[in-house]
Amino acid sequence: MENMDQHCVALLKERGVTLEDIAECARFLQADYHQNLTREELMTSVKAVLSKREVQNAIMTAVELDKLAEEGKMSDKELEGALRRDEPLYGVDEVLAYGICNLYGSIALTNFGYIDKKKYGVIDRLNQAGKGDGVCNTFIDDIVGAIAAAAASRFAHRDAKEGN
Amino acid sequence: MENMDQHCVALLKERGVTLEDIAECARFLQADYHQNLTREELMTSVKAVLSKREVQNAIMTAVELDKLAEEGKMSDKELEGALRRDEPLYGVDEVLAYGICNLYGSIALTNFGYIDKKKYGVIDRLNQAGKGDGVCNTFIDDIVGAIAAAAASRFAHRDAKEGN
Amino acid sequence: MENMDQHCVALLKERGVTLEDIAECARFLQADYHQNLTREELMTSVKAVLSKREVQNAIMTAVELDKLAEEGKMSDKELEGALRRDEPLYGVDEVLAYGICNLYGSIALTNFGYIDKKKYGVIDRLNQAGKGDGVCNTFIDDIVGAIAAAAASRFAHRDAKEGN
Amino acid sequence: MENMDQHCVALLKERGVTLEDIAECARFLQADYHQNLTREELMTSVKAVLSKREVQNAIMTAVELDKLAEEGKMSDKELEGALRRDEPLYGVDEVLAYGICNLYGSIALTNFGYIDKKKYGVIDRLNQAGKGDGVCNTFIDDIVGAIAAAAASRFAHRDAKEGN
């Protein structure tokens, strides 16, 4: 794993997200198609997604925005308020998420829409925690959903190529 | 309603889809936020979505592709086969759907991903029918999901503006 | 004009961008199709684009990120460095821009790609200024290009509807 | 090269497009950054783009639509007319193109917008030919631009990784 990969893994960890959490979300998204798939089998795809520069840039930007809102360090208090309240129509969090999903094709976007509504696993935990005082998880839950959706889509495409 | 609007409403009807069916899907997508909302209240949004030129062009293109595949009139038999089998990784059907959703912002894409997986109402009917011999609904189910997702998103944005 | 509209106009002004600058970019994008069009005629479209909530959220987020990078207030120094250098492959600035363009259809995205490369008018000024010490315009030039591209696309669609 | 790759290369050729034509467009898009780059150096990227399933599906769908419009075989004469006239606001052609570009990140979309307006090389030839009687190149020129834009973006990302 390269430097920037490790930097992003550390950022995710700092926000309470492990690669296993993301692989578990990806497994959930593939469960209808592969009942006995384990989250370990999705780990390669999660790591491949995380190695892409545009994904890393989205992660860094998302984590920074959540932290700045959380710490009250934004100069624009309208924006800070919207992020702290996790305003459902804010929309820029999903825009960043789509920047990740798009790299893995249209199936990844469908996967994202589904897990974003179902709020499975770590996404639910992040979302609940974000409702607490002084915690802002507005961006990170969407970023995690997007990485999982992208990893599930990558897995599905490779699996089909191998003719399974 | 203008000429092209009517043309598209007729095309949808020819494929077994009424505006009421779409409004019902939009209602389903808003039900978590507005429990007592009726599908009639979403009809204005459905019609507004249908009045956009890019939406109309997507509908016409989608219906034509389904019909040509169904009637065996494509010169590319690889493509025709993928459409007739509703190949899950074909992806172009979702690409057209996103062309519609994008016009209504990032919430519309999330809505689409959700209803595409849940296959609610007419979307489920289309999908089931598409498995039958000689019926190809590969594009239309996604287009219907996209119009419903766009209409639900339009409704949510307007509702928030009015401060309800 | 509503409160949030004014807030965003003020943010743009703070970063050296007037609505006239944006209308001039939109005019440039329409000049091939309408030779004698004035920037005043595009002002309605610029204001309509600016009145959309998702556009306002993108503006606020973009301006905040540029300012924080400029003032050295980010906790992630990798990210701050990328923004201060206006790293050509950073990509999240364009992702935010597409979040705006998408609302106005596929023509808006093509418009954006063109003006982003040509760096016309205020976009060029912002880009040049961003190369100076202590100025970060990484996001704002793309946001301005996106608003202009969206306004030009909105104008073209309305113009065609009226049959001109 | 696999079966489907060869099928798509043959379809492109049937429509008057060689891989060399596409590589030349990609070279044009990279010329500002790498003055002495040859189109041969971009061929690996062109082939990599063409090997993706979603790209192949977009190519097949685009070529089929152009051919059916050209041959007057569409049942929807409104749609057929829009395609034959290469209606500038039709928009679905660009939607398919973005489905390709998105796979290679936000830089690819900017590249596409630029080459779509400049109409370089084979894109110009296709566009001119499409104005002739009985020729419909409405989709293919955008698809070719998208593949070139994606290949140029892929090259830029790899080149940066290698630290050149």
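Think of it as A, B, C and D in the order they're written, each chain with its own count starting at 1.
Convention: a contact is a pair of C-beta atoms (placed from the backbone, for glycine too) under 8 Å apart; a residue touches a chain by one contact, two chains touch by 3 or more.
Predicted model only: the values in this text are computed from it and were never measured.
The greater number of contacting C-beta pairs, out of the two interfaces B-D and C-D, is seen for B-D.
At the far end from chain D, in terms of centres built from Cα atoms, lies A. With each centre defined as the average position of its C-alpha atoms, the distance from chain C to chain D rounds to 27 Å. Averaging C-alpha coordinates per chain places the centre of chain B 31 Å away from that of chain C. Touching two or more other chains at once are residues 53-54, 89, 91-92, 95, 98-99, 105-106, 157, 160 of chain A. Touching chain C in their complex are the following residues of chain A: 4, 7, 11, 53-54, 57-58, 60-61, 63-65, 67-68, 73-76, 78-79, 82, 89-92, 95-96, 98-99.
The touching residues of chain D, when paired with chain C in their complex, are 88-89, 91-92, 94-95, 98, 105-107, 109-114, 116-118, 156-157, 160. Only residues 53-54, 99, 102-106, 157, 160-161 of chain B touch chain C when the two sit together in their complex.
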